[in-house]
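Each chain gets a letter, A, B and C, in the order it is written, and its residues are counted from 1.
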Amino acid sequence: MNHAFKRLALGVASLVFSLSFIAAEDAPVIAALKGPSGIALVQLFENPPHLTGNRVAKMEAVSSADLMVAKVVSGEYQVAVLPINMAAKLRRSGVDIELAAIIGNGMLSFLTNDPSIKSLAELRGRRIDVAGQGATPDFLFRRILKDGGLDPDKDLNLSFALGYAEMASALAAGSIESAVLPEPFSTLARMKNPKLLSPLDLTALWKKSTGMSDYPMTALVIRKGSSITEADARIILDAVRASISKTLQDPVAAGALVEKHGLGLTSAIAAAAIPRCNFVYLEAARARPEVEALLAEFLAAAPASIGGALPDDAFYASF
Amino acid sequence: MSLRARLGVGLLSVAVLVGLWHVGALLVGKDIILPSPLRVLREFIAIAPSPDFREAVAGTFARGLEAFAISSLAGSVAGFAAGRSALVQAALSPLFTTIRATPVLALILLALLWFPSGVVPVFAAFLMAFPVMAASAMEGARAAPKELLEMAALFKVPRRKILLEIRIPAAFPFFAAGARAALGLSWKVVVAGEVLAQPHRALGTGMQTSRMLLETPRVFAWALAAILLCGLAEWLFGRLVKWGNTRGL
Amino acid sequence: MAYKLWDIRRSFGGLEVLSGVDIEFGPTQLLVILGPSGCGKTTLLKIVAGLDGGFSGKREGFDQSRFSFVFQEHRLLPWKSVVGNALFALSSAGMDKSQAMTRIENFVRLSGLSGHENRPVRELSGGMRQRAALVRAFAMPADILLLDEAFQSVDLKRKRELMRLFLGLREMERNASILVTHDPWEALWLADRIVVLSDRPTRVVDAFDIDLPRGEREAGMPAIAALEMRLSAALIGIETSPPPC
């Protein structure tokens, strides 16, 4: 008798569980990467947007871009934050995503332990660690070097051996001399070693090379044909815009929320990194020239990395 | 060797290792690369009372236990059956070979796509530990001495009793060895899986988070917690085996 | 005679092992089958126990018989106690536990194993293990007790003690027992009836009863001398007969 009762309870419980699962299936999922890109959306984690049809968006924080890509492909995530090159590659691979906006512009820093480095010329013959092989740091830096008269493969030793955290640690410890790092690692490295120098302004050098005042890094994409309607998209994008603005206005409060929602940074570090993360809100159409300028570097160096060609017109959505 | 002597030597060797570590840390000179044992201990004491830490310990412990329980149970049954039946062995053999040949990391990355992040470490650990347990159980299934089986047949002892009172007890030392190996493996892979999958309430997640924040002493402190947990589990396991021995296994 | 085996022949492959063996013994007799190694004594035991059907000849009186066994290497489950081993063997005897326990405890006492009966067998000494094997064998209610070289693996002093114990246990539970051995002194000391087997192809060379009380069966005593000589003759006959070609 007791046994049968337990069985029944288990059956009911699993039914209820699966029902709730089905119910939750309908709510669109907005996924942010842990780290700076996620910070931009932190206000949505605190107050998930209310969408059409009485649905509330589900917020997810994801630890790696590869996992993000997998879940976008599988359709589990309808709205996602991705590095712009990955978004382009997905588009060319036939995944029906649209670029809604660029929410993070260039946040790479060149940091060094060596005071004798004052310009690109002093980099000749040195080893520079670069965080992000085959990604924006790699191709952007190569372009800058080439335009500065240096052959990235012959005149320098670019090393991609270390992981981001290890690179930042080694830089702060002085085990490596110089590195190109994204946020939050550059802020972290500087916090660990305040004596680190930043003699080169990569954004300015990029502008010198391409005429573009900045370069995009973080994209917000929306899966077409998913449960997100046009109206939903507008609601979400308004929320994102508001989130970015609020975060920039009060980094300390935002930092606390970042820690609260487990977005990968402590509140103090998030607050310190926010001003350096270069958060922006650029609609796709407006951001297009800068996106294409950056992707052109990918195309020149390794076409396969973004799928062989620039994304088509329909990639750049307007809501 | 007496228990006291063994404990003494054990402690001494731990002390030597810690001493070497300390010297290494002094030589390197940078906490962010190799923190000293004292520094790590201080970090450990700093994080130990926090509820996050305790939840992480509980979470990892639960996962490790789960992985061990499932893999040792499934491994025992599957391995024993394979040991007794050539058909079962033929059926399971390709499965074992495939699992053994696949690198752990590949399994974890695949699991990330299929399972929620809390389950990934358990799944990966199960895949690693299951074949180990099954191999031992298979050997154990064949370990019953022939003369004893013959004696039981002569006395017309029913088959079920033969299974329960000869085959399984004869297999026990093999089960124990397999389970011990499975236990150690389960822990390692659970923590590794946690570092990659980063579920809530996990020591691995703590390690990874600290790493991302360049807090190397804290990474070591989390690792220390994982080692202590593993040590605790192995000790408990040892007691369990001893208890089994007293019960005539 | 209650039990009879007539003209038993058994071959394995092309090799003829038992070549027309006749054996008979009574329901409470201790029969010792004496023969050289390899002449098929164990095969004969298996045929008696009904475990080997590949023979020709007749087997009479064994239909409802229950068997028990003592082996050369004790074959006790090391992780079980003396009591546990006996209970294990009694699994098919259809007794309830208290009945079984009473029987077992009786034999434990007689064997001098009191106080050790609940320890795992692996903790017991060699001599104790042999005694435990006897306890198990007697605890199993049987019409025929088969002993395959059961006293071989112990040293001389312990052998005497063990044989004495065996005889003592037999007083409590007198059934038919068949001991197979190649030691003539075991035969002389224990048997109610001796059957001497030849080398392969095996036949019965001699068979006789011994009526001497066991107290008079020590070496050097006159009564046993005649039997000794008879046995020697039979065994020498075996030794001097031409080897089978």
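Here is the rule we use: a contact is a pair of C-beta atoms (placed from the backbone, for glycine too) under 8 Å apart; a residue touches a chain by one contact, two chains touch by 3 or more.
Quick caveat, the model's predicted, so the values are computed rather than measured.
Common neighbours of chain B and chain C (chains touching each): not present.
Seen from the Cα centre of chain A, the chain whose own Cα centre is farthest off is C. Comparing chain C-alpha centroids with the centroid of the full set of protein C-alpha atoms picks out B as the closest. Work out the mean CA point of chain B and of chain C, and you get 51 Å between them. Inter-chain spacing, taken between the CA centroids of chain A and chain C, is 86 Å. With centres taken as mean Cα positions, chain B sits 36 Å from chain A. Chain A meets chain B in the complex at residues 35, 63, 66-67, 70-71, 74, 164-165, 168-170, 172-175, 185, 188-189, 192, 262, 264-266, 269.
Every residue of chain B that touches chain C in the complex is listed here, in rising order: 147-148, 150-152, 154-158, 161, 165-166, 169, 172, 248-249. Listed in rising order, the residues of chain B touching chain A in the complex are 30, 32-33, 109, 112-113, 197-198, 200, 208-209, 211-214, 216. Every residue of chain C that touches chain B in the complex is listed here, in rising order: 49, 51, 67-69, 71, 73, 75, 77, 79-81, 84, 88-89, 91-92, 120, 140.
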